[in-house]
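Next up, some structures in C-alpha cells.
Below are two complexes that have subunit A in common, paired first with subunit B and then with subunit C.
Right after this comes the complex of A and B.
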C-alpha cells in the first residue's frame, strides 16, 4: 500500500524483540517509572469526577460524530473553505505525502518544521520529504530527540520515553555539540535555542489536529511545549494533517473530549496550550501564516468504518491511556511492536492499516486482562476487538467470515482439521463418549510438553475417568444410598 | 473519481448500514454553581499547581504591581498592546519603575529577530479565565498578536476578576463562541513546559518560562 511502510520482517520479529526488551533492565526501568507515574496522575486528575458518566458522554459524542461522518466532513470542508483554509483529501499515506510535497514545491519551500502529529508518523512524511530534498525537522522535544537518534517514537504521547537523561545528553552532544549535562533545564534550554532558529527560517509548518470542528471550521491542537503554536504561527504556511475520523459536529462536543483527553493522557486538567485555529492571517493581523491547509487522510479508516464492531476503533482520541495501563506494553515498550502505534490501540488499529499478514502478532500481544478497555476515555471495547481480530486472523467462522485485510493469515490446515474433528465429535454423542473414554484410557501417551504453553506452565493431565463416568458413578452410589427412603 | 468522492462514497455506502445516535448527557460536566470568590480562589489554586503566578490587585494598584514584577525580574522592556485600555493605561501612566515600552506595530516579518531575541516580557489582556482548569482565555488579534503570548520569556496576563467562568463549556456558551470564531483562540494554563526528558519537568521549552497573572478586582 505504501512504499515506506515498515517491512514485513520488521513488523513480524515481535517475539525476538520482546525477549530482548524483557532482558533490558534499563529500558524496563524507564518504562516502569514513567508508566507508574502516568497511571497515578491520571487517577488523581479524575478525582471528584463522575468518571463513568463522563466516559459515557465521551463515547456518545464520538459515536454521534461517526454516525454523521460523511456529512460532517463535507460541512467541515465548506466551513474551512469559507474561512480561507484549503482542504485536501488523501485516500492513502502516499497521496497525503504527495499533497504536502506539492504544496511545498509550489511555495518553493526547502524547510519544514513539524509539530507533533501521529498521522504524519503513520505516513512517514519525514522520509518522504527528505527523499524529495525538503528538510523536515521535528520540534516537539521528544520527537526532536527521537528524530536525532534516527528512531521512531516508543509512545504516542511521550515519544522519547525509552531514553534516559544520560542517553539524551550524549545524543545532543554528539549531534549538536551541546555540552554533556544531567541538568534537564540546561538540555531543554539548548534545544530551545536551536529550534528557535529553525522556526524563524522554516518555510512551512506541519502539525496534527486533535479535533476538527465542523460547525465553525476550527482546528484544535493540544500541547504543552508551545512548539505547536510556533509551528502554526511562525512559518508563512501551515499544513495541518489529520485522519478523517477526527471531526466533531460542534464546539460543545470539544469540551468533554478535551476534559477526557488531557486527564487520561498525562493526568493534566488541561495542557498548557489549547490552540484553536479557524483562519489564515487576516488583513491587519501582524502575525500568523498567510496560507493554511488541511489534509484529510483516510489510509484505511473508511474500511474500518464499514463494520459495526470494528468501527469503535475510530472513536479513539489518541490519549495513550490504554498503553500506560497495559501489562504487556509497560514491560516491553513501544519499539517491540514495530509499528507507528504500539500497545493496545496499535494492536486494534495497525492490522487495518498494514493488513493482518504483517501485523499477525499484534492481536495476540495481550493477556486480555481488560485494563485497556477499563481506562479508555471513549469506552472502546479493546479486548473484544482484539478477540475479533484474532478470529479474523484464522478467517472468522460461519457466522462472521473474515473481512479485515489479510484475514485468515494464521489459519493452518492441521489446526482447522483438528477443530473440524472436534466439532464432529461434539455433534455425535456416541462418538464423543468413545473418544473421551479412549483419551482417558490412553492418557499415559499424552505428550509432556505442549510448545509455548508448557514453557512456563506444567501441562494439564487428563483424568483417569471422564466427567460422564464420574457423574454416572455418583448417581449410581447416591441412588443405592438413598434407595427407598422417600 | 477524485479521492474526495471516493472517500465520501465509501463512507456513505456503509456495508453495515445506518449508525445509531446515542443521547448526550452533559450532567457530569455541568452544575458547578460556584460563587465569584470561589471561582477566583479555584482559578488561582489550579494555575499555581502548574507553575503560574497570580497577583491580585485593585484598579488603582495594578500598575505598581506590574512595575514591581518587572523590576524584580530586571526586565529591560515590555511589549505592550497599543489600543487595548491596559496598554493605553500603561503608556499614559509614565510610571517611573516601568521598563522601556515596545509595541507590535508592524508585521512580524519586519522585526522577527528582535522579537525572538531582544524582548524580555509581554503583557496582554484576556477574555476571561476558567476556574476548573486554571486556564486563561485569549483571542489574539491585531492589537495583541499571536506571538505576544508565546515568544518573550515572560508573559504577563491581565484578568478581570468578574470574567472567571466555571468551565470551558460555560465560557464558550456564555461568550457565544459558536457565533463566530476568531483567527486564533487560545486557552493557556501555565508557562510552556515539557516532560520529554525522563519525565522531568522543565519550563520555557518553546514558549514563556514564566506566566504571571494580574487579577484586577
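Right after this comes the complex of A and C.
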C-alpha cells in the first residue's frame, strides 16, 4: 500500500507538532521572512492590474471548465490520442502508481527523473517506484533538497521553504560532498551538476501538468528551472500525471489563468519556462521523447464534483497564495499539517482525499480571517468551505446532512451538549436577560483563570451592568418619549 | 464570504434598530452605549429590542448549524419594521449580513433571513456612509493605532471606514502598524481549539501595535479587543485599546466613555 495514509496517532499529533514548530525560532523566522517576501512580490506583480476583474475572469474560466468536466476530459483524451499521446485513467493513487510502474516495466526502465508534481506527492510515487526497484529522482531544486533530506514538501510551490541556506549547505555537504557555502549560486550550480548527469541517463521523465487543453490536446507546464523542459524532452519516454480537474476547454483559457498563477505564486509576470506539450517526437524531428503518456488521477476528486459547494475546491490552480497569506501557516509551516497539501487549500482538499476522520484537525486550524479567500486567484471561498467542513465534522446540520467521508467524526456528547445549552440560553430572551444580569451582578465571583485563554491573556471582565440593563434604565427614565427601547 | 461588489447605502433613516451583540452586552456595554449615542447625535431614534441575544456565530463557525439557526431565528423576529439594523461589530454584522442567507437556506425562514440580512450595517460604515457624520474633536492631542477586524476588512469590505472617521478628528494622529491586514489570532473558538497558535498570533499583533509608539489603539470588534487587550495587560506592554465607538464618542462628547 503506497497511498498517503497517516495513522490516527499522526493525526492526533497536530497539536504537539504545532507546539514544537512554534518553539523553533529558526523555523518561524524562515517562514515569516519567506512569506513576507512572497506577499510583497505578489502585490508588486499585480500593481496596475485590475486584479478583481482578473480574479473574476479566472474564477469564471475554472467554473466553466468544471461545469463541462466529463465532456472536456473525453475531448482531451480523444485529442491527445490522435496526437499520439497515450491516456490512462486512475481511480486512486495506488492505481496511478501501478500505471506508471507498468509503463516503466514495459520499457525496462530503471531510472526515472521527475519534474515537480504535487499529484505525484499525493500518490507517494517515489516510494512506490523505489519499492519496485526503480530509482526516482526529483529534479526541481526544492524537491531535490527535500528528497535528499528524506522529508516531504512544506509548501506546494516552494517545497524546501522551511530550510535556510545554512541548513541546505550542510545537507548537500553531508549527502553529496559539496563544500559548505553561503553562496546560493554555488550550491545551485553544484546541484545542477549532479542532476545534469541524471537527466542524460534517465529512462523515463515524470512531470506534472498545470493546464490540460481539451480542444488542442496540449499539456501546459509552468516552471522556472528548466528541469521541467529537461524532464519532458530528454528521456525517451515522458509520463505526465495530473488530477482530473486541471482540464480547460481552449488555449484562450490558459492566458488569464497563467497570468494569475505566476503572479499569485511567486510574483513573477511569467516564469522562466512555459512548456506546451502536444505530441511525442515525430519522424525527422531531432529531439523529444518517443513516447508520451498522460495519467489522469481522480483520487477522491469526483466525489467533490457532485456537491454544489465543495466543487469549488476543484477550481484550484495550485499557486500557493493562500498559504503565503495564511497567518496560521506562516506561524507553524507546512509539515505541522501532516498532509500532502498544507495550509488553507490543504485544509479544504485533504478531507476529500483522506476523509475527515484522518484530517479532523484541518478545518479548525484557521481563525477564518479570510486572507486566503481574498487572495485566491480563482476566488475559491476557502473560509466558507472550512466552515462547511466543520459542519460536516460534527454533523451539525439536520437540514443538510453530511456527505464527506468521515462526516460526524468529531461529534462528541459533551460538546454537543454544551452547544445545546448555549442554544437554550440564547434562544430564550427572558432566560438570557436573567442569566446575563446575574452574571453581571455576581461578577466578583468570575474566575481569574480561563484555561488556555489566560495563559497569555487576562480574563475578560464582566461589566457591572449589561447593555440590556443600561438601555432598560434609559427607557424607564425616559418613559415620556418613546425613544430608546422596544 | 464575499464582499458586495457594490454596496447600495440607504438614505439616512428616522430610526434604526441596534443589535448590541453578546460580547458588548456582557463585557463592553459602554461601547454599545457609545454607538447608540453617536447615532442619536445624528438625529436618529435608536430602537433597542430587549429580546435580542446573540447572532449565532459561535455555533455557526463551530459547525453546529442547528443550534446557530435556533438562536438566529430568535433574532429574525425582532426587526419587524423596515428600519436598518446597526451592529457595532464587523464580525456579528458579517454573520447576519453574509451568512444568515446560507444558514437558513432550504428552510421556511429563508426569505425572512435574506430580508433581514439586507438591512444589516456595521456601525462605523453606517455612521460614515449613511449618516455622513462630521466629527468635531474636543479631546486633547493623542496618537492612536487602529486594528480593523478581519471580518470588517474582508467580509464587510470596510477597511477604509475606521481610518476615515479617525482622520476627521483634528487632534488625533493615526499611526499604522506593520502588517495591518494580519489577523490578531482571536477567531472565536479558534483561540480555544488552537491556543498555542492563537497565542503566537496575538503576541505578534501586540508587538506590531506597540511598535507604532502609540499608547492607545482602537478596533471595530470586541473579539479582537478582548484578545489584544487581554494579552497587553498580561504582558504589561503599555498599550491599551477600546472599541472605536467608545473612542469616537469620547472625542466628540468630551466624556470619558471607556467601557
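In this text, the second predicted complex is superposed on the first by the 410 of 486 C-alpha atoms of A that agree within 3 Å, B and C clash if a C-alpha of one lies under 4 Å from a C-alpha of the other, contacts with A are read in each partner's own complex, and residues count from 1 in each chain.
In this section, a contact is a pair of C-beta atoms (placed from the backbone, for glycine too) under 8 Å apart; a residue touches a chain by one contact, two chains touch by 3 or more.
Computed from a prediction, not measured in an experiment: that's the story for all the values here.
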So, A:63: does it touch subunit B (first), subunit C (second), both, or neither? first
After the superposition on A, what does A:26 contact: first (subunit B), second (subunit C), both or neither? neither
Answer with first, second, both or neither: which of subunit B and subunit C does A:393 touch in the superposed model? second
Once the shared chain is lined up, is A:18 touching subunit B (first), subunit C (second), both, or neither of them? second
Let me test your reading of the model: by the given contact rule, A:460 touches which partner, first (subunit B), second (subunit C), both or neither? second
Check whether subunit B or subunit C contacts more residues of subunit A in the superposed model. B
Pick one for A:470: touches subunit B only (first), subunit C only (second), both, or neither. second
Looking at the overlay, does A:49 come into contact with subunit B only (first), subunit C only (second), both, or neither? first
Can you check the complex and tell me which residues of subunit B touch subunit A? 2-4, 6-8, 10-12, 14-16, 18-29, 46, 50, 104-108, 112-113, 116, 130, 132-135, 141-142, 145-147, 150, 167-169, 172-173, 177-178, 180-200, 202-208
Taking the touch rule as given, give the residues of subunit A at its contact with subunit B in the complex, in rising order. 30, 33-34, 37, 49-50, 53-54, 56-57, 59-61, 63-64, 66-70, 73-74, 89-91, 95, 139-142, 145, 158-161, 163-165, 168, 184-185, 187-189, 191-192, 195-196, 200, 215-218, 224-227, 229-230, 233-234, 244, 250-252, 255-256, 258-259, 266, 268-282, 284-288, 296, 298, 302-303, 305-308, 311
What residues on subunit C touch subunit A, complex-wise? 1-2, 20, 22, 24-30, 32-33, 36, 45-54, 56, 58-67, 69-71, 73-74, 102, 105-107, 150-151, 153-155, 181-183, 185-203, 226-227, 229-231, 233-235, 259
Contact residues on subunit A for subunit C in the complex? 15, 18-19, 22, 28, 327-328, 331-332, 364-371, 373-374, 379, 381, 383-384, 387, 389-394, 396-400, 410, 416, 419-420, 422-423, 425-429, 432-433, 436, 439-440, 451-463, 465-472, 475, 483-486
